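Working notes, beginning with the structure itself.
Going by the order they are written in, the chains are A, B and C; count residues from 1 in each one.
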Amino acid sequence: MFTFILKRIGVAIPTLFILVLLSFFLMQMAPGSPFTGDFNMPPEILANLEAKYHLDKPLWQQFAYYLKDLLHGDLGPSFKYKDYTVNELVAQSFPVSITIGALAFLFTVIMGVGLGTLAALRQNSWIDYTVMTFSMVGVVLPSFVIAPLMVLIFSISLKWLPAGGWNDGSWQNMVLPVAAMAILYVAAVARIMRSSMIETLNSNFIRTARAKGLPRRHIIFKHALKPALLPVVSYLGPAFVGIITGSVVIETVFGLPGIGQHFVNGALNRDYSLVLGLTIIIGSLTILFTAVVDILYGLIDPKIRVGG
Amino acid sequence: MKKPFKALKLAGIPALTLAASIMAVTSANAAIVPAGTQLAQVQELVRGNGAEPASIDPQKVEGVPGSSVTKDLFEGLVTQDAAGNTIPGQAESWTVSEDNKTFTFKIRDTAKWSNGDPVTAGDFVFAFQRAVDPETASRYAWFMEIPTIVNASAIVKGEKPADSLGVKAVDDKTFQVTLEKPVPYFIKMLAHQTTFPVPQKVVEKLGDNWTRPGNMVSNGAYKLADWRVNEKIVLERNSNYWNDKATVINKVTYLPIVSTTSELNRYKADELDMTNLIPVEHFKSLKKQIPNEVRVTPYLGTYYYTFNTKRKPFDDVRIRKALSYAINRDAISKYVKGQGEKPAYTFTPETVSGFVPPSTDYSKMSQAERNAEAKRLLTEAGYGPNKPLEFDLLYNTDEAHKKVAIAIAQMWKPLGVKVTLVNQEWKTFLDSRNDGKFDVARAGWIGDYNEASTMLDLNTSTHGQNDSQFVNEMYDKLMSESRVVTSDEERSHLYTEAEKILADEMPVAPIYQYVTSRLVKPYVGGYPMSNVEDNVYTRDLFIKKH
Amino acid sequence: MATITVNKMVKEESHKAVENFSEKLEIEGRSLWADARRRFLSNKAAVASMIVLVAVTLLIIFGPMASQFTYDEIDWANMAAPPSMETGHFFGTDHLGRDLFVRTLEGGRISFMVGAMGALVAVIIGTIYGSMAGFLGGRIDNLMMRALEILQSFPFMFLVILMITFFGRSILLIFIAIGAVSWLDMARIVRGQTLSLKSKEFVEAAIISGASSTQIIFRHLIPNLLGIVVVYASLLVPGMILFESFLSFLGLGVQEPMTSWGALVNEGATSMEVAIWQLAFPTSFLVITLFCFNFIGDGLRDALDPKDR
């Protein structure tokens, strides 16, 4: 296990480096600069701005500057939000995305696994059909339809919950975004869980267990659940990063100050340092959680040996 | 989505007897609550702000969202009343030298920072120097060059040190500015945030961190209480403001909601008292359901299409004219926009004070006549069914621009013109337009002061924003002449002549005159209905009992 | 973000299908396809979806002819008008007075094209890349997989926005952009599959008889990968269509006056309280089509993977 982790880190570092390198140069190649605006600035003012952010230096030198700061954990100043550094922006927005994401994730796992198992156990019954239809809706309806619909119903008509805002993370403000976000993933997890549960229940070792006359509940929870969870785990690993790093759609509709908006707006504003910083964070998380999935896999299924 | 930046570009308005006339005005920079109005117990306001400000540091602000917040936080030497007139702010009075080049301001004794320190002439000196200092890298550094403050240009270029700027603290309460040329509208410019004072001691101590809640010290009617990027900026009443007794609202929250639909939803859910915009799709039904909450005010600006006159075939005036004539402006303002925008046949909006629109050929014709003329011009230029005119129409990604572009493309279709709509996201669009990589492009310009030159200067051959690359000696001559003419009448005549040239040469096709439309809850009092620059100071507002 | 969801799910489910499919392949040989067809046809949901999908396709192709309007024509007298038989606007009009019936169908053409082309690009790149890595093995395989890993750790929004700023907005480039960010999983699946095929006798025989690498990849490996590719592609199409709608949400979708279901749904969603028909019609079409694709995909998987039932 220890060598496995070391090996992973050994691979992750060059991967991250290439990620940073590519993002840095790709971003700079995009037309427009952080300082193009509605009206043209006199050249001397533009020059002052570029000097302040080192943009007047050759690209490789800018990259060197960036790397040097990065090694100190400094993601640089934001080009767009002049009063903040990228570290501060991330520190402000990350907790929001993580809170919403973690809750949505929790909800997804409980609901998805529960519903999927239920559907599998009652295969081809009305429960199965209801669950599957519901989860299909989650897969086919874009979230920019679901989310405003929720606002319309729960905030404007019924006036139960706020239509947007974060409000220091009060629970009322979290209900709708968490629900809107989870719907997508619950649907997917339920579907995967269902088919993998059906398959497990039909496998030989479960048949044997049944033949032995073990109680149904015992079979499901002690024997079937673990192997049936494997595909869910390998789906949720990478999805987890997507969930906690937020969704632009949900954040835009509910006016949440999370990472998703920063990422898209940063790219559109050519806020080089903000986008690079977020790319590095999201990239590292992706690498991290792919590794976590591999480890979890090994824990759940002893047949798979980690590190092979 | 993207409101044009309010680019205060002043390029020379001739001598007005400003200083004197302004001082005579005694309207209040405070809420005017009509007698008998019952005020609400809780005086708190929530405003939609359109987007997250890039900065709220007066010298670093770029764009409207930041400007609105700083105008509540800080106050310059002068400020504006609800109707947009310039009135004394931190300076209670000022004198102008014989040669109109030296301005001496007397700062109020009662002017204080939110931490209780007095506002001194030194703070102004510091702020003015800071604006031009290359170290600050202010986008608005040019703002100090326009009124030709002594050495401003040289400092921006890095040729002279910042402390050589023509500003001086005569004593603690007397601030003096010297100009290189007698620019008469200088006083008017001082209501802009670039000229706001900043607390020297605080900025020097805290550096870039001085704008954070807890750190920031301000001299306006409000002070910063909280700031969460992409969520909210909360301001609280500044009890040290010199005119605090006249302020009514205790707390104002700015929400940076980009999506207009989300903003509308939150207004409907009573989470907002004032929106930044009204989504076009909803305007008609809102006007029917809650007519007294829909506030439409004129806005000093024109929406137009610019032709690339350096590119074939748009170097041919007949083509430009044909395309412009074929735009049914009534249909655009009535059906596509429908928020009270007026059709534009001149580059300068009619609301601009002292502007007399010329009587041009095409403004008097009926649309049918215009269409016929357009067809004739196009045939004359050699285009027709056998040789259709083909070109790209460039606009930036935005619902509103998209709608206008689609409608206009449809109006051009009967001419046998093949238009390809090209939408680019903001930064790419700006790059294309600035570099002249377009055939016809969408544009809009918001004037910065109530005078025709704020618009017309744009089409002079040396102007940075002359995207059509229009060059006309006569036009340039008229505009430079307008800067030295002293009589209002004569100047107005020059502007009319300039508009005539634009109508004849058609480097740009004006489409409609902007308006500002907002939803404002009926209990919000004091909302300015005639500030064409759309400065809505919170200190002028109040909440009625509801 | 929905695409990730769908794609990852597809990957998971098809992974199993591959394994089972390849087992079958060996044992049953040719009869597999006949078998699969029989099993597919007995799946009622899949067959019904097939019929609906054909109907939608026909409507999309021929429907616009039934209307007196074109997709970009403005009816100044009927702006944002509700559906009505009298005016001839069966689905009503949008805020610019353009006929929604024609636009919905026109949007369908684009969405179908985006779906099909995007899936095609993903499948082609993924299959070639994956089979090459798997077949060539060793150092090259290692290198190719490392490259894949790097690409996978890229936030895909970043890539898409960059591509759009670089290349502008032609439909073709949107296909390529979308396809180009979704071939990664395909490549992985195909590689795994190739690795197992490589050890099979017929490939070894080809190697011994001196066939070149290209020949082996294109003659022997890819044809045998077809089954899984079909399953994967049928599930990729709805993902692509949904992804296009996400791009439309960001304003980065199809160029006006052309439209797509994503663009129409997005526009409808901003005015659902005042003009519900603008949301209802395009959304119904989108949802029905995606449902069908998903059922067909499920059906195909079940048909090729009898173990599941």
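Assume a residue touches a chain if its C-beta (ideal position, glycine included) is under 8 Å from a C-beta of that chain, and two chains touch if they have at least 3 such contacts.
All figures in this text were calculated on a predicted structure; none of them were measured in a lab.
Contacts with chain A and chain C are shared by B. Interface comparison, B-C versus A-B: the pair with the greater number of contacting C-beta pairs is A-B. Separating the CA-averaged centres of chain A and chain C is a span of 22 Å. Centre-to-centre separation of chain B and chain C, using mean CA positions: 47 Å. In whole angstrom, the spacing between the mean C-alpha positions of chain A and chain B is 40.
Within chain B, the positions touching two or more other chains are listed as 261, 425, 427-428. Looking at chain A, residues 30-32, 148, 152, 268 sit in touch with two or more other chains. Across the assembly, chain C contributes residues 165, 269-270, 273 that each touch 2 or more other chains. Of all residues in chain B, those touching chain A in their complex are 4-5, 7, 9, 52, 54-57, 60, 62, 134-135, 137-139, 141-142, 145, 156-158, 208, 211-212, 228-232, 255, 257-259, 261-262, 265-266, 268-269, 271, 425-428, 430-432, 434, 464-465.
In the complex of the two chains, the chain B residues touching chain C come out as 261, 279-282, 284-285, 331, 335-336, 397-399, 402-403, 405-407, 409-410, 421-425, 427-428. Contact residues of chain A toward chain B in the complex are 30-33, 35-42, 44-45, 48-49, 51-52, 80-84, 89, 92-93, 148, 151-152, 155-156, 159, 162-166, 252-258, 261-262, 268-270. Across the complex, chain A meets chain C through its residues 11, 15-16, 18-19, 22-23, 26-27, 29-32, 136-137, 139-145, 148-149, 152, 184-185, 187-188, 191-192, 195, 198-199, 202, 231, 234-235, 238-239, 242, 245, 247-249, 263-264, 267-268, 275, 278-279, 282-284, 286-287, 290.
The residues of chain C lying in touch with chain A in their complex are 1-2, 4-6, 8-9, 12-13, 15-16, 146, 149-150, 152-155, 157-158, 161-162, 165-166, 238, 242, 245-246, 249-250, 262, 265-266, 269-270, 272-273, 279, 283, 286-287, 290-291, 294, 307-309.
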